[in-house]
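Chain lettering (A, B, C and D) follows the sequence in which the chains are written, and residue indices restart at 1 in each chain.
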Amino acid sequence: MKPLIVINFKTYAESTGANAVRLATAASKVAEDSGVTMVVVPQAADIFQVAREVDIPVYAQHIDGIQFGGYTGHILPEALAEAGARGTLINHSERRLELAEIDAANQAAKRANLATIICTNNVSTTKAAASLCPDFVAIEPPELIGSGIPVSKANPEVVTGAVAAAMGVKVLCGAGISKGEDVKAAIELGTQGVLLASGVTKAADPEAALRGLVAFV
Amino acid sequence: MKPLIVINFKTYAESTGANAVRLATAASKVAEDSGVTMVVVPQAADIFQVAREVDIPVYAQHIDGIQFGGYTGHILPEALAEAGARGTLINHSERRLELAEIDAANQAAKRANLATIICTNNVSTTKAAASLCPDFVAIEPPELIGSGIPVSKANPEVVTGAVAAAMGVKVLCGAGISKGEDVKAAIELGTQGVLLASGVTKAADPEAALRGLVAFV
Amino acid sequence: MKPLIVINFKTYAESTGANAVRLATAASKVAEDSGVTMVVVPQAADIFQVAREVDIPVYAQHIDGIQFGGYTGHILPEALAEAGARGTLINHSERRLELAEIDAANQAAKRANLATIICTNNVSTTKAAASLCPDFVAIEPPELIGSGIPVSKANPEVVTGAVAAAMGVKVLCGAGISKGEDVKAAIELGTQGVLLASGVTKAADPEAALRGLVAFV
Amino acid sequence: MKPLIVINFKTYAESTGANAVRLATAASKVAEDSGVTMVVVPQAADIFQVAREVDIPVYAQHIDGIQFGGYTGHILPEALAEAGARGTLINHSERRLELAEIDAANQAAKRANLATIICTNNVSTTKAAASLCPDFVAIEPPELIGSGIPVSKANPEVVTGAVAAAMGVKVLCGAGISKGEDVKAAIELGTQGVLLASGVTKAADPEAALRGLVAFV
């Protein structure tokens, strides 16, 4: 099975504005060459220009579970969809939401035809998130985020536990992923792929880092 | 004195995506014809395309007081600036922030060359917000937002109180503003202009509503 | 089956301080006379004195999912337990929590030997909450809270849906409950009882209101 | 001038429940012996029993800016006052509030006859907080909290800056305070005293630590 690689651009200098377009273009090239699906996740302000430049799926980092209306400073799913987004993260560890908000955001995303990835921190919240029927859950033990220690190696049983708890909902895993062997291990543990960030965005050569991720395919 | 008119697009259908560009274009035309400065405030996802189409200032509805880094789902001032924003609202009543966040956001905006409008709900928070030295404070009594009853008429002493409390920082007023006479009254109470939303965005003919706002000039 | 009646004191004048003790004493009397289990839920500041005066279970309105440590202004499960609490609400609609916080609070409560009632707003969040294995979930459609229209009448299928979704976890229902017939209906729909507030706390004669709730037993 | 010593009990095991009463009793003894005013700040659940046992002022760690009503899980100023509190911290760095909430909490506290200490993180937020007219502002640079490095030594100019910015509102300083010389330095920099926590609560001998704090008086 070919993995799904979801690249969270966060708010790094290396993946903001013109750099976001450049990184998305690199991901697009590697996706085409390898046949692996790569999803890029730039900031809301960058989605429009990134989506015009690449054909791979562009996801948002966060949406609010709102409808059209008076919600100053919120992220409206329909605005992202019109700007070119095709999906969104929900409840990333750096942007946690209340349970009722996660549910509302998941439903609002579907209404706007955005695929959803609900992020979770452990097996029990993965089970809860999966019960809301998103397209994916992405488990990321907070203590490993940005650590360089891949969750698939540090804590494989949290990944297999999440896959079991998700009861059929597709699972991604994240935290500490930077190499092809980490992706391979994630797939072998039953996930569909990985969610990663600094391993690519902060790499000296991001395109080479992306090629390394899929070299094993 | 010519007023400053700040138009908050919120997340209304009438001011999202292509509609945001259309409304900004109308504001641009009225600004040019009247000589009044109009600022448009679309959603983060729409700033890039709006800023490419109009020459009037484009502000954001919210920023986070962050720097480049790992802040998934946050609004980075530098990303907005690169997308074309020239300023931002901070602490709108629909997106309230902690005091320390307002301070951080105000400083982060200045670092990214974004003008700042800190929104407040009464005289005492106006004084507190003004002490942080933003470019503007905008007082909007929450009970009047979207009411159609202009703050300049319902509660003129909260406006004059805010102007006094701001100790030299420029003041806008908002809530219930929809007509030229409301703008005129706001100026006469000592403000630099108004912050408004549904009075324009939800008007049957937004361009006519904008012309009405500045007819008295 | 005898119902469980959980009385949320909120921050009403009628159920704060000495009034909290008085109301808890009334509930204690009615519980003893009727054989129905009544749980009283005063504010954190009132738990100590209420728990000294009554033998019925005293629950807290909220806990934070924390351990002993540096958490100024938080509600520590162990402090409540030592003050006399035997359980707690989690994620009440007036005090919503992030998903990861609900999970942490549920685990922290169990560590401190506090029973848990996770509050939810609809069927899908009930399913998610139940997957975290609390002692109870309590479904309260927000639009009916304080309405005087009992959820068991206005929306019986949300109650039966919640019971089905909870997959064995015990369910309470709330919102608009004020009479014995509402409690009876709740039981007939498959719940263990009700969570209510103003129907008792704001009643002209709270003890009479409590007796009315269990008259059908 | 005799200093004011405010001891934040946080949620440490050493200052919860019966331990809170014990620590407050020690503070009471040292206050009486030294003539220094000591304020103890236990958790909400502990205020009732602490206030019954000691005559020194008992403050809360947090209040919500609410009135009597439907606010499940919130901290009502009137409930704290009835339980025996005479003041409260507001906006502690571990329990930050929105600007409008700080203003509302400060006003709600005064309505309930609670003295207020608004906590701040730097000079500019101190100026903003002071403009709301609390009884005290307490500046605590977050990077020094729990560090053991006293703010009066690490960053004296932030303390003198806060005193100047507070424009007559009394100032406390905190972060890293554990010794009498730190208190002395704080007074010499223009403050009324200190806000401290682990330096006392986690001391091997808290009473001795308290005596050390006031030995210079």
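Basically, a residue touches a chain if its C-beta (ideal position, glycine included) is under 8 Å from a C-beta of that chain, and two chains touch if they have at least 3 such contacts.
Since this is a predicted model, take the numbers as computed values, not measurements.
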item	value
Common touching chains of subunit B and subunit A	none
Common touching chains of subunit C and subunit A	none
Remotest chain, subunit D as reference, centres from CA atoms	A
Subunit C-subunit D separation of Cα centroids, rounded to whole Å	33
Centroid distance [mean C-alpha coordinates] between subunit D and subunit B, Å	37
Chain centre separation in whole Å, for subunit C relative to subunit B (CA means)	43
Set of subunit B residues in contact with two or more other chains	none
Touching pairs - complete list by chain label	A-B, A-C, B-D, C-D
Subunit A-touching residues of subunit B, taken from the complex the two chains share	8, 10-13, 16-18, 43-49, 61-62, 66, 68-76, 78-80, 82-83, 85, 89, 92-95, 145-146, 197-198
Interfacial residue positions of subunit A with respect to subunit C in the complex	91, 96-103, 120-122, 124-125, 127-129, 131-133
